[in-house]
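Quick notes on the structure that follows.
Letters A, B, C and D mark the chains in the order given here, with residues in each chain numbered from 1 onward.
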Amino acid sequence: MTDESNTYILLFSCPDRPGIVAGVANFLFEQGCNILEAQQFDDTESGRFFMRVSFERVSGEETLESLSEKFLPLAEKFGLDWRLRSRARKRKVMLLVSRFDHCLADLIYRWRIGEIPMDITAIAANYPRETYAHLDLDGIPFHHLPITKETKMEQEAQLWELFQKTGSEIAVLARYMQVLSDGLSAKLSGRCINIHHSFLPGFKGARPYHQAHMRGVKLIGATAHYVTSDLDEGPIIEQDVERITHQDSAEDLVRKGRDIERRVLARALAWHLDDRVLINGRKTVVFRD
Amino acid sequence: MTDESNTYILLFSCPDRPGIVAGVANFLFEQGCNILEAQQFDDTESGRFFMRVSFERVSGEETLESLSEKFLPLAEKFGLDWRLRSRARKRKVMLLVSRFDHCLADLIYRWRIGEIPMDITAIAANYPRETYAHLDLDGIPFHHLPITKETKMEQEAQLWELFQKTGSEIAVLARYMQVLSDGLSAKLSGRCINIHHSFLPGFKGARPYHQAHMRGVKLIGATAHYVTSDLDEGPIIEQDVERITHQDSAEDLVRKGRDIERRVLARALAWHLDDRVLINGRKTVVFRD
Amino acid sequence: MTDESNTYILLFSCPDRPGIVAGVANFLFEQGCNILEAQQFDDTESGRFFMRVSFERVSGEETLESLSEKFLPLAEKFGLDWRLRSRARKRKVMLLVSRFDHCLADLIYRWRIGEIPMDITAIAANYPRETYAHLDLDGIPFHHLPITKETKMEQEAQLWELFQKTGSEIAVLARYMQVLSDGLSAKLSGRCINIHHSFLPGFKGARPYHQAHMRGVKLIGATAHYVTSDLDEGPIIEQDVERITHQDSAEDLVRKGRDIERRVLARALAWHLDDRVLINGRKTVVFRD
Amino acid sequence: MTDESNTYILLFSCPDRPGIVAGVANFLFEQGCNILEAQQFDDTESGRFFMRVSFERVSGEETLESLSEKFLPLAEKFGLDWRLRSRARKRKVMLLVSRFDHCLADLIYRWRIGEIPMDITAIAANYPRETYAHLDLDGIPFHHLPITKETKMEQEAQLWELFQKTGSEIAVLARYMQVLSDGLSAKLSGRCINIHHSFLPGFKGARPYHQAHMRGVKLIGATAHYVTSDLDEGPIIEQDVERITHQDSAEDLVRKGRDIERRVLARALAWHLDDRVLINGRKTVVFRD
């Protein structure tokens, strides 16, 4: 077992050029750090280089702050877009939910047993708290933020205020069932994960299981992606599918789909929180666990 | 092991109404036949009933012809759209192919080892025979039918003539790479299976792996469907997928996709030939093996 | 939507012989019942025939009791081992659990949202109730039945008494982590489902994920099976797997395995409760939904 | 597209200690090489470190030989077990086959279309050449080496001589169906891949599909592994599975299994040839493509 308070994750992308890996590896070696895990990807199409390094400080007195400061010159030299995080520091997550709570229930369960380490700053729901009476929301601030066509703008303002006030770093649309406005999508750019209940790009928009049933596909799926202003077109983080048959009604697809949705969203969020996901234009680089 | 010459498959659909199963089961019992396998599906949405019965004649002297004749009154009473086939009779299949021959090679291999029983009436290729020099086409009539924009109508006329002249019952577009005209599609309605190299309805049309690469999906797939005049919209018979990552180039998808394509097409064809597939509007009923 | 109070499921097995399907179909037709769904399987190896029929009474006044009585002569004629159930009647289920509660939490969630219809008669746990403090056990009788090597016999007597007293029809070992004695296994024969955290027959017995990690397999799995006195050798109902890599520690397998375990157990239980599973010697016949 | 003649793959393992990545990255940078892809794995259980680096020489005049020579001091300093290969150099492969040729046919097809780059040095078969009449073996030396209990020792001597004489680097048991003697297994240690037609460790030894059918499993699989003297216990490279049902006879499993076997073996061989596989005790490290 590694000591989490002494373990760090460095995640970055930059224009590809010789010497990056050597530069980073030398830096860490000189600071008394040992690389535990490293993944990299060189996108020859975009000419961009992506890397994740998990390392442990084995000697010296460096802190996150001092390491970051010392890393700056190298980061500037190679033009790095980077973040460095101590594994001991949990990310702040805001969960948004609507009537169907299977994804919410699943994320809370994984959090309670320590599978997904995070600080849940808030649950924002457009249904009242009693809708989730059978879930143990103890210790999680709950906010009922109902929405109608008329109040959408105000409600989104409240969401955004809540996100900022709570210091949230990521918003998770756990079957939130509302399309965010372009404005809010832009504000949350790269910081908002949605679960769409189809295998995108098939069946965008509303009622995807009913669309899938009408089309007669033989597998259904779910897709976790970063939200952009372009509906269901954001960078995909994770997808999965299950086999269905002609016997399955649209309701059967809804039922079978719940299992896919919750595991796809849980994986995507866990990877995001563990600094395993980088946005690469319309796509993602995912260093899977 | 059952005696194939004595084994029959009855496949039908009809408007749903009480008494169909009893009627069919009684008929077979009275003719000295034993049901080996039966599957049925009641589509409550369309009100249509679908059934496949595999049975063995255990006594009596009935032939396919006499059984068919005796079955007629029942078939008329319930308004059955039906076919009855002796398992010993192989279906006649015409294979169409273009430059990439992995599906063709696979189907021929499965046929040679007896996995897919069929009579291959013809291979129609828009590339010359030497393109397939490494395949053993011995005993299979090969027809080079090149196609250009200008000659498309004539070439399709040749295809259709070949299909008819050879008594073919099903045409298989084994990566044929040409869009059939509305006219030929209509003529081959329900008798032409295509393999599309994407998980439909995602990535219709040309270069689907490149589309998939651009979109950054995390799984790629292939789809076998009946051809209709509406491109890549025909009833889906089978689909499958495989996981990919950000590391995969479009060329990697092409490579990995070959494995999916050939197994999806082989399954779809085998099921069709074994009378396991019924068209149900825009969808199919597939009694999988 | 069908009216559940008028819908029945007949499940049976018997020695194979001509006329069974006709007999059953005629009987239902004569009683004013319409077949909604039927599946059958003829095991040519054992000579045994298996069938599930779901039907709706569309006319007449028959009840479950009168239908059952009228069915008796036919059942006797063909030597049927059968059960007939109204869909409206929920099965009584007793859940057994130990420290890890992911399967329990999952089953309770599916029950609360109506996905798995059942009456939970009791939770029997060898850990105290506070272990499950974050689960909403409201309305479910909870029994803390601790177990040690010395008290195993007494504890099993309590379990059996609880099973009987509550009228339970099926016991579910939801990661119960105790090997039932031969005596209790025999009493619960065909009425007890276990989830084993490996892809059986690989890695029987204790700590299967650690065994899998040591062996270096590339996929891990879970298996739901009926309990017999022969450890991890009972008839398998359902299995599933997920891909792992050399990077995964034994703890990673435990984590990734939880998702497989809960969905495999949920499927197996749902199919059992929906009369979709028949025991066929050491194997099962599963008419999947 | 990278120039293969200028692209190299370095694969190594060594005791874990700080500075390895920096050392290798610096070395490559100093030699005018650019890292294209790198993967590493730190096995905290064994304390061993594994790495694969693919790189391109962008300047300078180094050859494989001069690079290797210059790399020696670093390799010695860190105690590396290493190999360095030019991508342009194809590995020499000997294929062993028995009566069932689906894996052989598949490997040859993939080789002919350039999917698996290799030099096939020999096919050694215990059936005569006419068994494979429908395969295009043109240009591949074919050796009929029949085997009986009595001649096993002599036949294996011939195999070993052939392996050596042809300069083969890897032997592939493409459903060879013979258990190699301990002696030959030892000689081919780490240089012989077998495909076993079960999901190991389930169903070792003979007739695994029949064993699987008897046990009533719900998924069947295949396993590619390095051969050791301990039957079906060698380090696993790749596994895959497919769903089956109670309807499948043992013969159906054989048929469905062929598809799994050929794709599992092809992947394992391709990864081995692309220097993506390292043996780690009883396990493997596989840097998948």
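List of remarks:
The rule we apply is simple: a residue touches a chain if its C-beta (ideal position, glycine included) is under 8 Å from a C-beta of that chain, and two chains touch if they have at least 3 such contacts.
What you see is a predicted model; the values in this text were computed from it and never measured.
Looking at chain A and chain B, the chains that touch each of them are C, D. The chains that touch chain B as well as chain C are A, D. Taking the mean of C-alpha positions as each chain's centre, the chain lying farthest from the centre of chain D is C.
With centres taken as mean Cα positions, chain C sits 36 Å from chain A.
Taking each chain's centre as the average of its CA atoms, chain C and chain D sit 42 Å apart.
Residue positions 37, 41, 247 of chain D are each in touch with at least two other chains. Residues of chain C that touch chain D in their complex: 41, 43-45, 199-203, 214-219, 221, 235-241, 245-247, 249, 280, 282-286, 288. Touching chain D in their complex are the following residues of chain A: 18-19, 21-22, 25-26, 28-29, 33-42, 58, 243. Across the interface of their complex, chain B is touched by residues 37, 102, 105, 109, 112-113, 115, 133-136, 138, 247, 252, 255, 258-259, 263, 289 of chain D.
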